[in-house]
Every structure is written in C-alpha cells, then in structure tokens.
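What follows is a set of structures to go through.
Heads up, the next two complexes both have subunit A, just with different partners, subunit B and then subunit C.
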Partner chain A sequence: MSKAIAKRLSGEELKEIFGNYLFILPAVLIFVLFYIYPFFEIFNLSLHEWNGISLARQFVGFDNFKEIINDKVWWMSIWHAGYITLIALTFQNALAFALALSCDRDIRMRKFYRVIFYIPPVLSEVVVGLIWQWILNSGMQNGEPIGLLNYFLTQVHLNHLVHAWLSDPKTALTCIAIVHSWKGFGWGFIILLAGLQTIDRELYEAARVDGASSFSVFKNVTVPMMIPVFVMVMILTILGSMQVFVLVLSMVGQGLVYHTEVPVTRILASMTGMSRFGYACAQGIVFGGILMASSFLLNKISKKVKQE
Partner chain B sequence: MFPNKYKIKNAVTSTLLHIFLMAVATTCLFPLFWMIRSSLMTNDTVFIDKSLIPRSIHFENFYLAWTQGGFGMYFLNTVIYTVSVVFGIVLVSSLAAYAFSRLKFPGRNFFFYMFLAAMMIPLPGAFVPLYVLMNKLHLANTRIGYILCMINVGLSLSIYMLKTFFDKMPLALEDAARMDGCSKLGIWLHVALPLARPAIAVIVIFNTLNVWNEYILAMLLLNDQSLMPLQRGLMVFQGSHSVDYPLLMAGLSITVAPVILVYLFMQKHIIKGLSAGAITG
Partner chain C sequence: MKRIFLVVLALCLFAAGCTPSDKQPNTVTIWHWMTDRQDAFLKLAEQYEQQTGIKVKFELYAPSDIYSRKIIAAAQARVLPDIFGVLGEKKNFASFVEGGFVADLTEEFQKDDGAWEKSLFEKALNVNRFEEGNVYKIKSGVYGVPIDVTNIQMLYNQDLLAKAGIKAPPTNFDEFLNAIAALNRIGVSGLVSGWGEIWMVDCFASNYAFNIMGEEKVMATYRGEIPYTDEDWIKVFRVFETLHDKKALAEGIVTKGNKYAEQDFALERAAFGFNGSWCVNVYDKMNPNLHYGAMIPPPINFARPMQIWGGAGSSFLVNGISQNKKLAIDFLKWITAKEQQVFLAQETKNLPSNRDALPEIPAVLSQFASAMDFTTHPSIWKYNEDPVVIEAFDKGIQSIIIGEADPDQVAAEVQEIKQREMKKLQER
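Now for the complex of A and B:
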C-alpha cells in the first residue's frame, strides 16, 4: 500500500514539474528558435559557400575565413568603425563627463538639463541621420547653399569653410562620427551622473577639511571612485559604436562606395548584395570575436589599473 | 557690505556652467526645431527661405505625408508591432521569470543562465541565419514573423529584470493565496503580476521605445510596403522622393512626436531605470 502511495505521489510530482515547465515553455521556444538556432547556424554556414537560395551548400572548410584575411575592404570597414568608436570614446565621453560633473552640484535647472540631454538618445538612428543629413546638405540653389550648416557659414563670412560634408570622402566619416556622438553623449551623461551621485558627499567634505584643492579632490576622490563606471561606459560605447550602421545608411546611403563602409554594412553587402551567405556569416563571427576581445581586454586593463 | 570673494567666485562658475549647459541643450533641441520648421514649408521655399519661422506655414504637408507619403499606413503598422511585441514580451517574460524565481524543476538554473548568456555575447552577424530561418519557416514578410523576432530581442533583459524583482518580493501574499486554493497560474496572474507593476512599467517603456525605433529586422524581413513600420517607411520615402524635404520632415515629425511624448511623460522612470541599471550592472 505504501508503494502505491509513493507511486501516486511521484506521479503527482511529475505532473507538477511538467506544469512548472509550461511556465517557461513559450520563452524557451521563442528563444531557441530565434536566438540559439541562429547562434549555432552562423558557425555552420560560415564553413559553406552558399547563395542563400539553392538547395546545395558547398562545404569549403575555413576558406571564408582565409579570404577575410586578405579582404582589404573588410579591414577598411573595421578601421572606419574604429575611427567612429575612437571619436565616441574621447569626444562623446569627455563631453558626457564634463556635463555630468557640471550637474553633480547645487545648480539650478539640473532636472531640466537632464531631461533635455536624454532626448537625442531616445530618437532612432534613422530619424537622427535623416535630420542631420538635411542640415549638412551641400546642395546649392541660386548660388545659395541649401543646407543649414553651409548657409550659416556663408552668413558669418566663413565661405572658405563651405563644404560638401557628406559627399566628400574626407569629411563624411567624421560627420557620421560626430552625429553618432551627438546621439550618444546624453546616455553617457545619465550613467556617469548616476555614478557621481553614489559617491559619498562626506568624502568630499573630509578632503576639503584637510585643505585639498578642488583639483586634487577630483583626482584623488572622484576619479578613483568612478573607474568601474568609466569601464562600463567605455565597453558599452565600444560595443555600440563599432556596430553603428543605420546612421551610415541614413546619412550617406550607398552614395560613397567604400569610403563610409562599416562592418555591418559589409556583412549586409555580402549577404544581400553578393548573395554569399557563408562569407557574411564568417565576417559576423570575426567581427563578434573582435568585439569580445576588445571588451575583455579593456576589462583586464582596468583591473590592472585598479590594483596599482 | 561687499559680497565676499568666495560668493563672487561661485556666481561666476555657476554662470559659466549655465552657459555651457545651455549651449549643449540648444544643440540637442535645435535639430528637432529645424525638422518641424522645414516640415511646414513648400518645396519652393524650403531651399531658399532660411528664416527661423517661415513666412507662410503649410500644415497640409502633414496631411500629404500621412496620405500620399504613406506615413499613415506606416504609423498604423508601427503601432500594431509595438503593442503586440510589448504585450508579448510582458506575457512571456513574466511567466518565465516567475517560474525561475518561485517554481522548482530540473534545469532551472541552466535555462536561466541560457537567457543571461544571450545578453553577454555580441553576435553582430546573427541576422544572416535568422533571415534564412524566417524564409524557411515562411515567416519572412509577415507581421507575425517580425513580431516574434522582436519579442525575442526584448526577452532576455525582461526575464532578468522581472526575476530579480520577484526574488525580492515577500512570499507571504502568495502563500495566503495558495491556502485559499489558488492555482500557480492564478497566483502569477492575481498576485505576482500586480505586485511587479513597477518592474513591468520599466519593461514596457524601454521595449516600446526599442520597437518603435527598430530598423534592421524591419529592413531584412519586410518587403511589402503595406507591412513596413515607420523607420523603414522613412528610408523608403527618402529613397524614392529624395528631394521632397518638407514631406520627409513631416514624416520625421510624425515618427518622432509619440517618442518625445512618451519620453516626456515617462522620463522619471526612464532615467531612474537607466541609473539603477548603471549602478547595479
């Protein structure tokens, strides 16, 4: 009889466990189908030559990866993204930190500034790119510039600076990087300000009482306390800026062949342009590896800095 | 009495700081102002008239953009996608998060860490196999396909946020409900979900903005103009009417207006959510 009870119990337990699984079933199904499967399939496809349509995929081993090593346009696109990232890391984050420091004190309208600075980050890249593309437009009508920036330059008699901002390969990438920073600094500002506000005010007062100057308080209290936040902002800036591409499409489109290519536009070109799905996947893997390696490296360096 | 040196120094610094902050605030707002201004002009005046307030104002551009420009259709599509995706994310992620927090089953940690890992690993080319899969399943160029993909995009973070929220919630209320004979599903619906409202609010706001602004999957998966959301519609419009700036700017204003409204209403939650994420993450 006791055996029967045990059996019935375990049956009920099984039923209960089964019922519990039902709670996670929808999430797991969606996740496995749209995340896990593509995650593994990208490695599989990268070893094939395939046009995306035909039933036959040709297994080519690591040929796609070998081809990437000599793909000059690909490495140029990595350099372009690196350039945008460099400007975001320096200009965007320095601006964000300066603004955060300014707002981390008793200053009027602090809340107003906080609300305004986060407006560009809530806009989409398509919207930001199209608005700036209009402001930077270099067309002329009746001898007068169409775009606001060039018009402004003629009005303040800086005619020599009037420029084809987005169609000159020399300036297009920098313009994209600056607009990218315009969209991003508000985000850095919010995070850095939140970090600054967690620093105990008593630390500042103690340093002041000891007669430390504002600069030495900044150097010896603020900066060391902020290092973990800096590292997080830097890693997220790198991941976000390296993968920029919608801004490129909405600001210059396909107009400037090869001069504003970034890795994601190259992956798209391999896939939809050249119908080389295997090569596109290999590019994605290499790019993902570069991203992982750089954030890992930054983490390592920051830990070393912390120990010193 | 003369104001002391310290006070003067303070007044000067705060004036300089305000000039700096104001200058940056202006660069944030001016492009949006310029967009609205340009949306009220005609094709003849938009290239010539550079005054801040145009001499004649043409609100009909918004009507034209909404009807002929197709932005009415794109707007409706975006609303459909945003509402269904956000509803789907809240439903699916709260079920899973509740199970991860409260229910026992083998492999619970494995599945939870599987979702977490997805947030850590950047995989920029994953849209290639995803595109292949969607074609295989005949879900490419369908509303449901795009909705399912977008639910997946928001899933991991929402599960993580809700699970940490449920973990901190006291068990007493759920125990009481169980005593009253409430089923697990009933407890999830009537006890856990109402209590988790603050976390759900954050998830709803962030995912709404995210879906509203999404471009890449909309570009890859949707070919029919009648299925396209606003972001995709803007690029298509720009591609085919590249010089019709007033209508393009009207379309941009239509796209931006709900985002700005949601943001201004919810900015407290948004900034709090971001800041909290920054400190704990």
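Now for the complex of A and C:
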C-alpha cells in the first residue's frame, strides 16, 4: 500500500518538476541561443582565420591571440579608450555629481534642470557626433572660419586659438573625450541624484545640530553614503567609455592616422576593412576580458574603501 | 496539457519569426545602398510592373558600410535577396562567388551573339569578370551586371580659378602647385576630398603610383618583388608631402568624410575637388549654380599616362541560390537597356553602363565619360595588396599629410608590415 502511494507521489513530483522545467525552458533556450552559443562560437572563430563569407575556415590555434600581443595599434587603441575613460571618470562624473548635488537642494526650476541635463544622453550618438563635428569643424570660407567654435573664437578676438580641432593629433582624442563626457554626464547625474535622495535627511539635520559645517556634512555624511552609488556609476562609466566608437566614427570618420583608434573601431577594421573575422573575434575576447578585469578590480577596491 | 500546448505554440511562433523573409513568387527583391538613386529605381520598378506584372522591391540600406555589413550577415545566415551588390575589394566579391551566393551570368551575356555583353562598357563588365586562372581560383566568367559606370577625377571651380587669375585648369603637377599658390594668395583653399574615408586616399595615391612607375611595377610590389622603400614609391609618398608643404590641401582633409568634402566644393570653399562622377548629382542638388569642370589629376611623369580609378560604378549580382533567378536576370537585362539607362542617367546624373545611352547624357557628364579610356580599378588587377598593408599604406599617407612622418619613415613602416604579412602567409 505504502509503496503504491510512494510511486504515485513520485509520479506527481516528476510531473511537477517536468512542468516547472517546461516553464523555464523558453528562457533557458533563449539564453543558450543568444548568450552561451554566441560566446562559444566567438571563441571558436577566434581560433580560425576566416574572411567572414567563405565556407572554409583555417584553424590557426592561438595564433590570433599571439598576434594581438604584438599588435601595437591594438594596444594604442586600448590606451586611447583608457584616456577617454579617465576623462569621463573625472570630468564627466565630477560634473554629474556637482549638478546632482545642486538639484538635490531646494532650488528654483530644479525639475526643468533635471530634464535639460538628461537631454544629451537620450540623443543619438551619431547626431551628437555630427553636430559636434560641425561645431569643431576647421576650414575657412570668405576669410571666416566655417566651424562654430572657431567662428566664435574669431568673433571674441581670440584668433590665435583658432585650430583644426579634429585633424590635429594633439587635440582630436581630447575633443572626442569631452564630447563623450558631455553626452554621458546625464546618466551619472540621474543615478547620483537618485542616490542622494535615498540618504536619510535626518542624518543631515543631526549633523547640523551637532554644529557640523556644510563641508563636514558633505565629507562625513554624503560621501560615505554615496560610495556604493559612486562605484556603480564608475563601473558603468568604464564599460560605456571603453566601448565608445559611434562618436569616433561620426566625428573623425575612419580615423586620424591611428590617433583616434579605440578598441571597437579596431575590431570593426579587422572585420570589415581587413576581412579577418577570426582576428576580430580574438580582439573581442581580449577586450571583454579587459573590461571584466577592470570592473572586478574596481569592485574590489570599492569594497576595501568601504571597509576602511 | 493546455499549458504544454501553449508553450509549444509559443516556440513554434518564435521559430517562425526566425525564418528568412517571405519569398513571394513574381517578386524580385533588391538590396542596395544608393540613396541618390532610390527614387529613380522606384519609378523604374513601377514601370516594370506595369509592363510585365513582375513586382520589383528596391530595399535601401545606407550608408554603404552598414550595407556591406548587412550583406555579409545575410550571406552567413543564407538570407540574401534575389539581387544585391558587393562593395569593396575583388577579394570580397570572390568570397561571395566561392560561397555560391552569386550566379554565373556568362551564358546570359553570350546569348544572341553576345548582344547584352556588347551593349555594356567593357571596362564596367570587367569589374564583374573573373579571368581564366585568376588568383582567387574562381571559375572564369561574368558574375555581375553594371548598372552605371563611374570614374574618379579632379574637379575645378571655374569661378575661383578665374578669381585667382588662372586661365586654364592645370595640365601637370607643377602647374597645379602654381595654381594652388595663386589660390592661397587670395585666401581660397586648394584641394578638398573625403580623405577621412581612407579608400579615397588610396585611390589618389594609386593614380600617382601608376603614373610614376606603371602598372607592372605596382603589381610587382603587391607580389612582394619590389619593396615599398623603392625610389618610385618614395616619389608617390612625396606627392603628399609636397601637397602638405605647399598648403595645397583643405584644412581637416584627413578626417573629412566625402559628404563634407562634397559640401565644401559645392559651396566654393575649395577650388579643387577629388571625387567620383556621382558628384555631378550631388553638386547639382547642393549648388545648381556651381561652375566647374572635371580633369584627370595632373601628372608628374609625362612618359606614362595618368590612370584613374573607374569602371563599373554600381553592379548588381544575382543570388546564386534564389528561386527567382530567371526573373532577376530578366529585370537586370531590362534595367540595363538603353531607354532605362537614359532615364537613370538623366534622373541621377550618373554615367550609364549602356554605351548606346551616352549621346543622351547631361553635358557635364561627358567630361567624365571622355576619361573612361584612362580608367583602371583594383577589381580588374591581377593582384591586390593585402588589406593589412593597404591600411598601413593609407594611414602612413595620412601621417605625411598632417606632417608627423616623412616619406622614408612611412615607406619603411609599410614595408615592415608587408614583410610580416608575407611571412605569415608563407607560414600558413
């Protein structure tokens, strides 16, 4: 009798388990199809020399990875992305935090400012790039600069500052980094503002009752409470800035020699310019590894800072 | 049970959504990148449907680099349309043929004593031809249909030259430099071109390489028999150094996209342009009052002819595995017939691929047409340079233009990369 019940129960259990698995099956299938399979396929391709069209692929083992080690242009592009990231981490996030602090206070028209500051991130990167290209354009017509910035400089009698901003190796990458920061600060602003608004107002009041100055409140209340938000914004900034490329393409086309190359433009050049899909996949894997390592490192550092 | 049925149904719908787009009978689908020709194509498609009952769908995917990526992805997924075009090097074209994505049209061209073949410009057709024993090991034949022809030349603004006191366009490089000096004196920029798109730098350099050393020596370099440090190649690099030193190039030329360069020339910001024959249409739209002419880039070496890039402007290929192959070929025969070619030339101001349509083309295009005998193109060369070397070559020229490297340095760097790539090829 008890054996029969056990059998019946296990049958019901099996049915339930089967039913449960059936429910998650579509999600698992989609995950495997769009995440797991492409990753393994990319890794597989990175071990081949393939032009992207032909049916034949030549297995080359880890040759593509070995080539990356000696690819000066690739490492230069990583450095350029790092430079853009550094400017974004400092200039962009400092601006975002300053504006978030301002909008966290009871100032007039703060809702209006919030909308205004959030406009750049929602604009298309191509549009932003083309508009800034027009602003930073060099060249003359009828003795007057055609770029808006250069025109403005001549109007305020700063002719000595008129410059070919996007075609001078000394300024091109910095211009791209500044435009990237201008476009991206709105994201940081919204996240930091949300973080500031989660800080308990009583903490500020208590600090003030104890006679703390504004700077002291900022240093001892705001900053420590915001550390997790800072870390999140920094990780997002690193991931977003290292992968910048649409702005680069729309501002300087296929690049100013190698001075404006970033990892994604190199991957694109390998794929479509040189028809080396295997090498491009290897570059993608190395780049992904670098991004993961930097995010992991930042997370570790932030945990350590938090503990201290 | 009901739940299982719903899950299965959802999966079926998902799978159905992943299948290639619907293949309708009596409908020919064409993917292209030619923004300026879309309206004319749609009018022709309408006309064709009225005449034959066959619907032709022109689907535009621009700009061209996005289009190129799309067809590569479509080839990988085996969902190419009935007719499409392949942009870029012959190597790419060969890969599509090798993959079985392109129909061999040789028989069609040879029908009726080669009537179709004879009606088209030979140089344009050659771009789509693979000769016997070609390096790509493709079966010899014609694999594409040119719908227009093009060539890339220098343009000069007649009003600006007159303003600088220049009576006739320069006929050699020294005269060109003198013209630049005169233009600079009146504050007008010299040459503008879309050299932010590095293939245009490559095209300009190739014109001078052919002029300075001739095709055989260029091909020998590509085969690895002559180094880039050879005196003649240094002369090619020196052309760009001279242009930089004499302030002959418009500011920001190295990062300028061709659209912006076209705008600069059309709005009279520069006296010379370097552009393809498609520019006639572009300039007409930007500035209908522009007075300009076309000229072959001024040669350095009078012993050899200046050779410019040209041939097929845009070609259409028939999908080798399309069920509508016959319909697609019939449509391509129709669109390359004289009447349709005249219509396209008048509407889009591109050079027609059908030679019978030439007498009826707009006057300014005649200047471009007259240079067709001097055209050459990488896609008809016996050898093509490795893309990695091409990139180093073009970027090297960019660095000469911005004054951060000299010709000897660039030549040495390009040669180093050439040797590395050749070694790699031998090892594999």
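We take it that the second predicted complex is superposed on the first by the 271 of 308 C-alpha atoms of A that agree within 3 Å, B and C clash if a C-alpha of one lies under 4 Å from a C-alpha of the other, contacts with A are read in each partner's own complex, and residues count from 1 in each chain.
Quick note on the criterion: a contact is a pair of C-beta atoms (placed from the backbone, for glycine too) under 8 Å apart; a residue touches a chain by one contact, two chains touch by 3 or more.
Predicted model, so just to flag it, every value in this text is computed and none were measured.
K.L.:
State whether subunit B and subunit C clash or fit side by side on subunit A once the two structures are superposed.
P.N.:
In the arrangement built by aligning on subunit A, the partners subunit C and subunit B clash.
K.L.:
Looking at A:Ser275 after the superposition, I want to know if it touches subunit B, subunit C, both of them or none. Which is it: first, second, both, neither?
P.N.:
The answer is second: A:Ser275 touches subunit C but not subunit B.
K.L.:
Which holds for A:Gly288: it touches subunit B only (first), subunit C only (second), both, or neither?
P.N.:
First partner only.
K.L.:
For A:Met232 in the superposed arrangement: first (subunit B), second (subunit C), both or neither?
P.N.:
first
K.L.:
If you stack the two complexes on chain A, which partner ends up touching A:Ile146: first (subunit B), second (subunit C), both, or neither?
P.N.:
The answer is both, since A:Ile146 touches subunit B and subunit C.
K.L.:
In the three-chain superposition, say which chain, subunit B or subunit C, touches more residues of subunit A.
P.N.:
B
K.L.:
Could you say whether A:Pro26 touches subunit B, subunit C, both of them, or neither, answering first, second, both or neither?
P.N.:
Once the two structures are laid over each other on A, A:Pro26 reaches both partners.
K.L.:
Touching A:Val221, do we find subunit B (first), subunit C (second), both, or neither?
P.N.:
Once the two structures are laid over each other on A, A:Val221 reaches no partner at all.
K.L.:
One more residue to check, A:Val246. First (subunit B), second (subunit C), both or neither?
P.N.:
first
K.L.:
Counting only touches as set out at the top, which of subunit B and subunit C does A:Ile116 meet: first, second, both, neither?
P.N.:
first
K.L.:
Examine A:Val126 and indicate which partner it touches, taking first as subunit B and second as subunit C; both and neither are also allowed.
P.N.:
The first partner, subunit B, only.
K.L.:
If the two structures are placed on top of each other, which part of subunit C overlaps subunit B: 77-85, 347-355 or 383-391?
P.N.:
Residues of subunit C that clash with subunit B lie in 77-85.
K.L.:
Give me the intersection of subunit A's contacts with subunit B and its contacts with subunit C, in residue numbers.
P.N.:
The answer is residues 19, 23, 26, 52, 139, 141-142, 146, 253 of subunit A.
K.L.:
Mind listing the subunit A positions that touch subunit C in their complex?
P.N.:
19, 22-23, 25-26, 29, 49, 51-55, 58, 60, 133, 137-143, 146, 164, 166-169, 172, 251-258, 269, 272-276
K.L.:
In the complex of these two chains, what residues of subunit C are touching subunit A?
P.N.:
Listed in rising order, the residues of subunit C that touch subunit A are 3-4, 7, 10-11, 14, 65, 68-69, 72, 75-76, 91-92, 95-96, 98-99, 101, 187, 189, 194, 196-198, 250-257, 260, 264, 267-269, 387-388, 391, 395, 398-399, 402, 404, 428.
K.L.:
Report the residues of subunit A in contact with subunit B in the complex, numbered from low to high.
P.N.:
17, 19-21, 23-24, 26-28, 30-31, 33-39, 41-42, 45, 52, 95, 98-99, 102-103, 107-109, 112-120, 122-127, 130-132, 134-135, 139, 141-142, 144, 146, 148, 151, 182, 186-187, 190-191, 193-195, 198, 229, 232, 239, 243, 245-246, 249-250, 253, 263-264, 267, 271, 277, 280-281, 283-285, 287-288, 291-292
K.L.:
Looking at the complex, which residues from subunit B come into contact with subunit A?
P.N.:
Of all residues in subunit B, those touching subunit A are 14, 17-18, 20-21, 24-25, 27-29, 31-32, 34-35, 38, 47-48, 50, 91-93, 95-96, 98-100, 103-106, 111, 114-115, 118, 121-133, 148-149, 151-152, 155-156, 159, 184, 188, 209, 212-216, 231, 234-235, 238-239, 245, 248-249, 252, 255-256, 259-260, 263-264, 267, 270-271, 274-276, 278-279, 281.
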